[in-house]
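The following pair of complexes shares a single chain, chain A, combined with chain B in the former and chain C in the latter.
Up next, the complex of A and B:
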């Protein structure tokens, strides 16, 4: 540990820390553009100047490691004057097109200009013009005029993804960010450069002109795109419903977690939320197949479902749970399954095309809660001899299973032969589909129970390492849809299971009490960072 | 109330007296002006509104208009400043991409719900492009329905600034729910 003094306050930090991070510990903000804790030090922007000891010239804080007894000043007139000069320098060729810039409102040029701006401009020359609105890849669009050449994006592509698509070309004030010839910014993590760009040079093509950022509200969440469980923020717009074509969720942004995803998320996860406001959402419970489907209320359908579950013998019923469901849902389903004494239960359905995987974040298992489903005990049971989900479908085809309850899965998009599944679905006497979006299974179902998506409810996912992480509600459930645990609780009550949880937190409490792996966990205990289940 | 005021008729006669005094004073002034060619006597006159209007102050905030570029397209860049500042939440803008990267952003839709507007003029002040003004001099807009109070981008773009003394130069826009014959 090293002791140093910043602005007269003493602080003790580990060796190798730089002055920016040491000052942050004291709550002292040193402004910067090019520094990023996840990237190498570039020292490009020169904004983080501080005075060190008796050194007459201010030095950059990002590239200065702390030493014992160091005396740092960040508030002297010399430092403030330096910052002002550097801001002036950064803005010489900046187009000041904030009104049309998507970054406006979350732009560090705006934020630092408010504090360190030179409000009397001295530049009289024509600004240097550079390319505007240039698509760099499927997700990123470049405005070279707005760029301050901090090189964060270049370093990201060199150091994090190792793909090296971007570089700085030309010299002096004609320098600009650009793609190397023949390259395209299309790596699976490309959109992270939008987050790390401190200005409006790199913006999101998907979010372009969708919503001004000050209309957005934020909810903490977990990415449901794969079993990594990246921490994210859901940015949603309820204030201006006519923006973004009425879609409530406007974008997902990564949220720092030291042990899961650090600052990053993959593009598949970032843009994988579109199903939330998709027209294919199921918004009302219904009975009847295909064209004969009639929308009915929850009060009508719950007793009907309970009646169907009572009508068949346990060995005539199958349940296909989904690893996209939260721990709370899975636990209530498990209680129901145990109460009914069902043996034909599984959750895993292999996708037609195996998922891609890399050693940064992306996992081949595209389900957020496979680990949770296993821990809760919804996998195939030993000794029953039905061979998992495929065995259940085979039994349905042969008429041994008459009633099947499918959660979320589009079975016809699985790796199994389509005809086999089609026949199974046709043969079933009673097919119940519970899920958020319509698919070919819901079209074939006798009963459809619409469930809320993960942004419309609270819950927890268990990632592949066994880390239980909470996600919070951002928006209200669409239409009449309900969280899976709520639907299961209502059915449980109708089956005479006694009082059911009324909050997700109660489900989790019951889960922690019943499943040893979750013992001792609670929403309070999980906090923001989650907890790893006991092995 | 005084005793005299309680006798209704007395006060009515006093009031009639005031009216009559003004009537005869004005009659005298008009006679002096028109018959005896007096330069100083000025009698009260009635303005024949709407054919004849009193001059409006140049600061008057009247019906909004969208300022046009030389090619007739809106100057608005859909930055949402007016929509953000509007205390009545009566502006509805939907942005779209402009083929020219120097302009970049244009309003695909720009509706003002005049049924909600409080005529504070903040939208005019907030606009960084001077694309919205409240200088048409038009005050007489009405509708048979709430829907008819919503003025679209095309309607607002067609308006001209008021002439001298605030006389409107554009016709009052006819909302979609109304026809001239009605």
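Up next, the complex of A and C:
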């Protein structure tokens, strides 16, 4: 550890810490643009100047490591004047088009200019003009005039993805960020450059002009896109419902987690939330197949479902749970399955096209909670010999299973022959579909139970490493949809299972008490960063 | 790669040996990019995008980073240039001592604007920042040679020698 003094306050930090981070410990903000804790140091923007000891000239804090007894000042008039001059330089050729800039409201030029601006601009010359609104790839669009050449985006592509698409071309005040002519910014993590671009130079083609950022609210969440379980923020808009075509979720942003995803998320995960406000959402329980389907209320359908579950003998019933369900849901389902004495239970349905994977974040398993489903015990049971989900479907085809309860899966998108599945679905006497969006299974179902999506409820996922992580509710469930655990609780009550949890937290508590891997865990214990189960 | 799938920019075996020699001179071979780009310019006449990608391959760099270097330096030519390059200094001393007159004369004689190349591919005319030879202002650089104390007559003589 190294002791130093910043603005008269002492602080102790590990060796190798730079002055920006040391100051942060004390709650002292040293402004910067080019520095990013996840990237190499560039020393490009010059904004983080501080005074060190008796050095006659201010020095950049990002590239200065702390030393024992170092005396730093971030609040002297020399430092403040330096910041003002640097800001003036950064804005010499800036177009000042904030009113039509998507970054406005979360732009670090605006934020620091408010603190360190000159306010009386001295620039009278014509500004240098550069390309505006240039799509760089499927997700990112560039306004080169707004770029302050911090090189974060370049370093991201060099150091994190190793794809090197971006560069700074030309020289002096004609320098501009860009791609090698004819190339695209299309790596699987490309949109992270939007997050790290401190200004409005790189913006999101998907989010652009959808909602002004000051109308957005934020909920902490976990990406459900694969078994990595990247920590994210859900940005949603309820204050201007007429913006963004009524879509409530406006964008997903990465949330730092030191051991899961650091500062990043992949593009597939970032844009994978569209199903939440999609017209395909199931918004009411219904009975009857296809055109004969009629919407009914929960109070009406719950006893009917319970009746069906009672009607068949255990060996005539099958359950296909989903690794997209939260631990809370899976646990209540497990309790129900055990109560009914069902053996034909599985959760794993292989996708038609195996998922891609890399060694940064993306995992081949596109489900957020495969590990949870295994731990809760919804996998094929040893010794029962039903051959897993495919065996269950075979039994349905052969009429041995008469009642099947499918959660979320679009079985027709699985690796198994479509005809095999169609036949199974046709043959069933009673097909119950529970899920958030309509698919070919819900279309064939006798009963549909609409689930809330993960942003409409709280819960936990267990990622591939066994890390149990919480997600929080952002928006209300659409229509009459309910969290899976709530639906299962109501059915459980109707089946005489006794009092059912009324909050997700209670489900988790019961899970922790029943499943050894989760022993000792609670929502309080999980906090923001989650906990790895003792598998 | 060209449309035909054949590499039309390619160093000879000797040139490649020179590339390896230059790369070995530095702890980080990237440092040899500048001399190798000069080599490419000599070999191919100018540095096309294709040549940039070729050089990138020799250095395990992304083409974008070679493009950064090529666009940074004004002495890398990204378009075909003439057999001779004339660069007239337009900075302060030369300007005061008549650089504009020299440039106007050259434009008239060559029939091209600054940045242009004569139709026969003979001469490319440039106007550049200080070449560090104020003592002979107004001056210009003709290929690797400095020519100073220029007058229209002297320019004519130089042009005659070039042809």
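A few notes on this one:
By definition in this document, the second predicted complex is superposed on the first by the 535 of 535 C-alpha atoms of A that agree within 3 Å, B and C clash if a C-alpha of one lies under 4 Å from a C-alpha of the other, contacts with A are read in each partner's own complex, and residues count from 1 in each chain.
Simple rule for what comes next: a contact is a pair of C-beta atoms (placed from the backbone, for glycine too) under 8 Å apart; a residue touches a chain by one contact, two chains touch by 3 or more.
Bear in mind that the values here come from a model prediction, so they are computed numbers and not experimental data.
Of the two partner chains placed around the shared chain by superposition, chain B is the only one that A:100 touches, whereas chain C remains out of contact.
With both structures placed on the common chain, the touch criterion links A:275 to neither chain B nor chain C.
Residue contacts after overlaying the shared chain place A:208 against chain B, while chain C stays out of touching range.
Contacts of A:169 after superposition on the shared chain: chain C is touched, whereas chain B is not. After overlaying the two complexes on the shared chain, residue contacts for A:182 are found with chain C alone; chain B is out of touch. Of the two partner chains placed by the overlay, only chain B lies in contact with A:132; chain C stays clear of it. By the touch criterion defined above, A:242 reaches chain B but does not reach chain C.
Put simply, chain C touches chain A in their complex at residues 49, 52-53, 61-65, 67-68, 71-73. In the complex of the two chains, the chain B residues touching chain A come out as 77-81, 83-84, 92, 94-97, 101-105, 109, 128-129.
Chain A contributes residues 157-158, 163-171, 178-183 to its touches with chain C in the complex. Chain A meets chain B in the complex at residues 97-100, 104, 131-133, 208-209, 212, 214-215, 240, 242-243.
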